[in-house]
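The chains carry the letters A, B, C and D, assigned in the order they are written, with residues numbered from 1 in each.
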Amino acid sequence: MSTAFSDESDGSGYDAGHDAGHEASVVELPRLEPIPDLSIRTLGPARITSPMATLLDATRTTEHYISENDRVLLDDTLARISSRGVPAGELPGLEPCGPRRKIFFDPAKTRAAIVTCGGLCPGLNDVIAGLVRTLTYHYRVRRVVGIRNGYQGFVPGYGHDVVDLTPESVRDIATDGGTVLGTSRGPQDPEEIVDCLEQLHVNVLFVVGGDGSMRGAMKIARTLEERGLRIAVVGIPKTIDNDIPYIDQSFGFQTAFSLASDAIRAAQVEAKSTANGIGLVKLMGRHSGFIACYAALARSGADAVLIPEVPFALDGEQGLLAHLRRRVSERGHAVVVVAEGAGQELIGEPDDAARDASGNAKLRDIGPWLRRRIGDHFSDAGIETSIRYIDPSYAIRSVPANPYDSVYCVRLSQAAVHAAMSGRTEMVVGRYRRRFVHIPMSVAVSRRNQVDPHGDLWLAVLESTGQPVRFA
Amino acid sequence: MSTAFSDESDGSGYDAGHDAGHEASVVELPRLEPIPDLSIRTLGPARITSPMATLLDATRTTEHYISENDRVLLDDTLARISSRGVPAGELPGLEPCGPRRKIFFDPAKTRAAIVTCGGLCPGLNDVIAGLVRTLTYHYRVRRVVGIRNGYQGFVPGYGHDVVDLTPESVRDIATDGGTVLGTSRGPQDPEEIVDCLEQLHVNVLFVVGGDGSMRGAMKIARTLEERGLRIAVVGIPKTIDNDIPYIDQSFGFQTAFSLASDAIRAAQVEAKSTANGIGLVKLMGRHSGFIACYAALARSGADAVLIPEVPFALDGEQGLLAHLRRRVSERGHAVVVVAEGAGQELIGEPDDAARDASGNAKLRDIGPWLRRRIGDHFSDAGIETSIRYIDPSYAIRSVPANPYDSVYCVRLSQAAVHAAMSGRTEMVVGRYRRRFVHIPMSVAVSRRNQVDPHGDLWLAVLESTGQPVRFA
Amino acid sequence: MSTAFSDESDGSGYDAGHDAGHEASVVELPRLEPIPDLSIRTLGPARITSPMATLLDATRTTEHYISENDRVLLDDTLARISSRGVPAGELPGLEPCGPRRKIFFDPAKTRAAIVTCGGLCPGLNDVIAGLVRTLTYHYRVRRVVGIRNGYQGFVPGYGHDVVDLTPESVRDIATDGGTVLGTSRGPQDPEEIVDCLEQLHVNVLFVVGGDGSMRGAMKIARTLEERGLRIAVVGIPKTIDNDIPYIDQSFGFQTAFSLASDAIRAAQVEAKSTANGIGLVKLMGRHSGFIACYAALARSGADAVLIPEVPFALDGEQGLLAHLRRRVSERGHAVVVVAEGAGQELIGEPDDAARDASGNAKLRDIGPWLRRRIGDHFSDAGIETSIRYIDPSYAIRSVPANPYDSVYCVRLSQAAVHAAMSGRTEMVVGRYRRRFVHIPMSVAVSRRNQVDPHGDLWLAVLESTGQPVRFA
Amino acid sequence: MSTAFSDESDGSGYDAGHDAGHEASVVELPRLEPIPDLSIRTLGPARITSPMATLLDATRTTEHYISENDRVLLDDTLARISSRGVPAGELPGLEPCGPRRKIFFDPAKTRAAIVTCGGLCPGLNDVIAGLVRTLTYHYRVRRVVGIRNGYQGFVPGYGHDVVDLTPESVRDIATDGGTVLGTSRGPQDPEEIVDCLEQLHVNVLFVVGGDGSMRGAMKIARTLEERGLRIAVVGIPKTIDNDIPYIDQSFGFQTAFSLASDAIRAAQVEAKSTANGIGLVKLMGRHSGFIACYAALARSGADAVLIPEVPFALDGEQGLLAHLRRRVSERGHAVVVVAEGAGQELIGEPDDAARDASGNAKLRDIGPWLRRRIGDHFSDAGIETSIRYIDPSYAIRSVPANPYDSVYCVRLSQAAVHAAMSGRTEMVVGRYRRRFVHIPMSVAVSRRNQVDPHGDLWLAVLESTGQPVRFA
């Protein structure tokens, strides 16, 4: 017989079918962030029948397909929509991606350009190949060019550097990592870029890049508007750190954290192989600890995960060092995963002047610093240990996309082409709650996506590592 | 200057910020499927303070965390909620997963059992390990047992076969595929199973299995109810075909389609290596073609994808064979991806008597049949070809989970433990639009998730292969 | 104290430094195979100073470098050379590979052609790329062409099909499997091939293929000789089955058996996951069981390995079936690995007429036959079992080479170019006891390399599986 | 017609079958290293019939199996054996591995111990599992123990730390990297170790470790001899750097260089992705550059390989920096592979006092130093560049063995057990020119295996990178 349930329960029956048994079911209404302007700019009315119209005739509105005039709700819970205080029909929503029956650009006269900017990320070549294939096969666009080495390729100072892209030339590029177009960091003069676009007779520009590059793309779009040029600028947001808001997961992220979990595995193997061994892994994540969290969840062995979003203390009984000492004593070894942006406040005063070409503040290197502090602590405690420090760095971002990310890149690039051909501009494509949507560039760069210290991802990490809610 | 846009456009300015330019913006209201009963059965009031309550005290309701009394909306578009015709507060929703502050079972007195049923799927060992770890580390449950070889392990006819499971014994199991508990197909007598649960003093039973196993679990739950036993039965739904409704993606699916894409790659390499070469790959998918669709999207080379959801014709100018002949003529080779359940109607009359131990109708083997038909067609057309047929079969389902699926399994198993400890029963855990939710078992087995021929996944496949909307 | 040694030992001391303690040290002299003619044909005296001469000036004869006039001994044991009965200076040896200071062909006037024939094998693209790079970068040969689709590309009936090959065009080809040149089976008229070579002004032909292709190459070489044309024909032997004599291991073999071991792993996982489960894996190996042996050694789980070299009986107490029944009874599951050429004599009379385009006798399919026989046996014995049959087939031969095989292919292609430029012809390159050597084509096709049932590889397999010396 | 051969050739016919056409065929006799004492110590006469004798009865001496009284020739070329100046029957040779018909230890009374020492290397767990399986299944040895954490586990100061090893406990260990026994660096007192061996009643000790550990094992063997204890000490040599003499390739080496080639791939992808990009990869190799050479050969993209065996200059027209500048100018990017032990003489005076626990001199870190020097050089030359530095370090040595290395480990461990059971001691097992042989420990530690700057491996690297014979 089964006897584990609460002694206090009266056993009077089942509460099947309702949840009255839950206490205090007053739902606390969440404080919601203000709604940004989610409307999408277009270059003008779409009057040309799309070559894909026939394909669309076969589609019907279903739960798996959103009509082009429908909207994807921003909110997904009862409490959230109740908090909005507006009628259901006025709830905020995002425009869905997908081919339109009527388009703005005449494919026969369209020229497209592609540029990749910023650091490498798995999937860049998949995106390039996907854009070229969709433009060529589905819209019969006759000329697609690639701009070499990021925004530099647009400007005379670096020499215009442009290559023709065809389905044949991009056929096998996705088997290797990186970007066949090359990349660079930092902005270039939007006026010069627009000059170049005019010279090349480009009507549609695809920018694959991070938030810095999207800010650059917005300047291009505004310059185009000022000059009265109807050139669409559509972004495919790239960030290996997964820090773009309103996007479920950025492309390349799964590939990246998979490789990062190999580094944790290596650290764990090393740590377990020596008496009192400690493995320390530094992973990417300047402002957002997603890679560290997911990689740690993918391997069950981490004893502590440190991310930029959650400050931590080293010393004291509730600090990281004491936690590690207890783990080494209990299990014979310990593994720490640290995101590069974590613990910056512990290392020293920020040096505001130190920035890279993209304008990102240079981080202090948490890895060697933490290694030294852990080593000193165990040494002071008279415990012989050996610390293995692993920094997989560039090895993670230069690999080809895994099959999941390949599929995701293909679908993003299809969506971006549909958006651009329909005349939409100054927007990026993304996936929001598993729906592909259009997001205004201004919204995509308005803030960072971060691990919520009160969300269920971090809760899952805490459950998995058994570390305290906060090292304090 | 840029001249590709519609000649009809008057050039009078920009429609920035609104989409009035879109034609006919009357949104067609979707016909919605009826709302099933989404309420979750509980064994009784939750009166015991959870050992995780402290952890929860730190959490606050945010956009990344759903309060336990909130609900995840079933609908996610404006048109869908408008069609419901109910006030916002009464829209249908699913209960969110997660730890509760108050629970039903006293962990110190709880015994848990785990059983894995049906065919193999990547991630089974991750789920087992995750359940054991969460029960032991977070709830301090002292005894977890595994039932060997599926439901067979419960019944005297096969000999009760039970093993103790501890964090130590499951530490490394996820590095290999399969299930350390073993599995079997087919139902067993629920009375015998409940007898066994009583003998083992089990309070909480976790069933990892497909829809057949969930139907079995429902019978167990009802037998328990009839006997007045308060034992929770919680399912973690397993299906490599991704055919469970209300679940974004089933665990192991990403691992499976990644391997499947390797088979497509092999077929493509073979096809390209000989003059007029044809590669034919049969993939899993009895009723749902998700693996075929995703695997084909992950590799750019497939010329046709055939799935159970979309009937196809072989002959005629619009048929598959003519399409292949055109592709071979244009590109020198062709690749076909076929889901095992596709084209059954073409092969012959269904044999209703032929069923496997799980009660699934035995499929006719589309692979060799299609190979023969393609061979005959080219031979009749006087074209020398060579056909390479690849059937990766078991090689796909027996591998360890990839890091993404590992994370997903960990989170599902955490969610399942929280649900069971809170006294919920006859339900499964799943992820719906990226939220982990509770789904009544009756709902999870009520229908199959299938590729929507009018949805955007199939549209992406059509765009990628360039095959016609229908081979007719 | 340590007491395990033989009671009979007198304990009188140690036999350090000699092995007089071994019984009967009369070495049985091995019966040696007759020595084939190992001399290498050349097209004429080498009078041109090689562009690599400077590089060679820096080399000195050492234990890691063999002077071009030295020979690699055919024999490697005392007993073998003693059995030869000739003075040490007359022992049979193979000519070493490597660049020569003087060469026959003037690089500035040389045109090279490459053809790949027969079935796919990992590494073909590495060989093509290696040949092109060595010819171009080191000899400054200005034109290298690839013949498409094997010997077919030479003959008018299929349309001459020739592509230019440059370091740029072959840069990334090795990231994918197969052969960018395409391939075909079967011979073509040597007269037509030589006509084509003359038309193309080719001086040096590289043939990458199996023994059938090498026989074809010999016919080409003889036709060239009859016509008085000084064109070098150099082979890089390809056989995924590792069945070429005088060659340690054929290129692609390691990649192939690595993948094959994954299939064994899958079979083992499946077998262990069900009560009395049996996994059956069919691997490549028409005449030689190397892939089966190595793949089984790489995974510790096989219970029986069946290869063409060792006949086996199914029935009787010493037969395979009884062995499997015992293993299932002891361990709960069993795994069988069978090479495709094993057990042919059991299935039925050979059908001499059935041959493929390469002239290979068509094998009867041992896999399904064995599956049925095992199933019947267990069924007759009243044991419920489930058999998982895995045939990885084409999936193994179409993958890219692993890094080891890549290195091997690079070195073979370098060796082949050096041989050809020096005017050698009608020979293949290979590695013999870890030395790269020249082998006359006639010798390379004179017999097959097979697993020696009395050699140490098979002994290691017997030790690993614990199967009897012979199923009889 | 074919016209590329030497104009000087008289065309009078073919030199088929001989090589008179080669100039100056006087073979320079190589200067041979002196022959070490290759005889193997035994503990006494082997008088017990091996349980494997039946298996051996089936074997016959063939070209693939060496009789136990035969010897593997040290020399393998005509010139080498001619230089020896001794009759063929007296040529130096190594004792072959393999089971003996008569053995020294009575399996029923034998206890075996296994210890793993030094740094991690792929394959350690395969060796442990292989030893346990061969001892248990083939010799029916009843007790095998593992010593924890290297030699430390033997001594009281660290607490004796011993675990029982059974086929069941080692069944799945090879799926993970590292060593389940743990490891440590540095020697321990041989007297204490021998005390421990006596207490444990061990008759056979297997030491898996590098040259330091083998020196330790020799001291143990001598202490045993002094005390008159007949305990066999057999080594399985471990070195990820492949620097053991008389051994073709050390276990784990292939796995290691495969991963190292991934790092080169990453560096190449990064370098190609930016204008004038430079990739710099530091690989393992304190004294021997094998990993750097093989990894570079496995990827075609390296522009320079730097190894400890070949000094290099940075500056001047023939120096590394000028070479890189030329490559960047020609190809747009460059990749440098450097072994950790290369260029030490450039960085500064050696610090004799700096040694790690194993007694290895601490190396100066060539990686960051070279990165800085390259950066300064390009900066001085006014060339904007970006340098990506990758140091895969621990990530390489902690992975599981690949299938090739797994097979190799299985065969080494089988050989080690056969040697020990036959009473051999103070020796290691290895593979020499593809034959498994016994090598006296004194010989195995007598010198290092290094890349021969005049050998064909380095020649292949030079051919592949196109770098000059020496940067001078």
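Assume a contact is a pair of C-beta atoms (placed from the backbone, for glycine too) under 8 Å apart; a residue touches a chain by one contact, two chains touch by 3 or more.
Because the structure is predicted, anything quoted here is derived from the model rather than measured.
S.K.: What's the overlap between the neighbours of subunit A and those of subunit C?
M.R.: The common neighbours are B, D.
S.K.: Taking CA centroids for every chain, report which one is farthest away from subunit B.
M.R.: Ranked by distance of C-alpha centres from subunit B, the top chain is D.
S.K.: Could you put a whole-Å number on the gap between the CA centroids of subunit B and subunit C?
M.R.: Centre-to-centre distance between subunit B and subunit C: 43 Å.
S.K.: So, what's the distance in Å between the C-alpha centres of subunit D and subunit B?
M.R.: 47
S.K.: Between subunit C and subunit D, tell me the centre distance in angstrom, where each centre is the average of that chain's C-alpha atoms.
M.R.: For subunit C versus subunit D, the centre distance works out to 24 Å.
S.K.: Multi-chain contacts in subunit C: which residues touch at least two other chains?
M.R.: Counting only residues that touch two or more other chains, subunit C contributes 176.
S.K.: Mind listing the subunit D positions that touch subunit B in their complex?
M.R.: 172, 175-176
S.K.: Provide the residue numbers of subunit D that touch subunit A in the complex, in ascending order.
M.R.: On the subunit D side, the touching residues are 120, 149, 152, 158, 176-179, 182-184, 262-263, 265-267, 269-270, 272-275, 388-395, 398-399.
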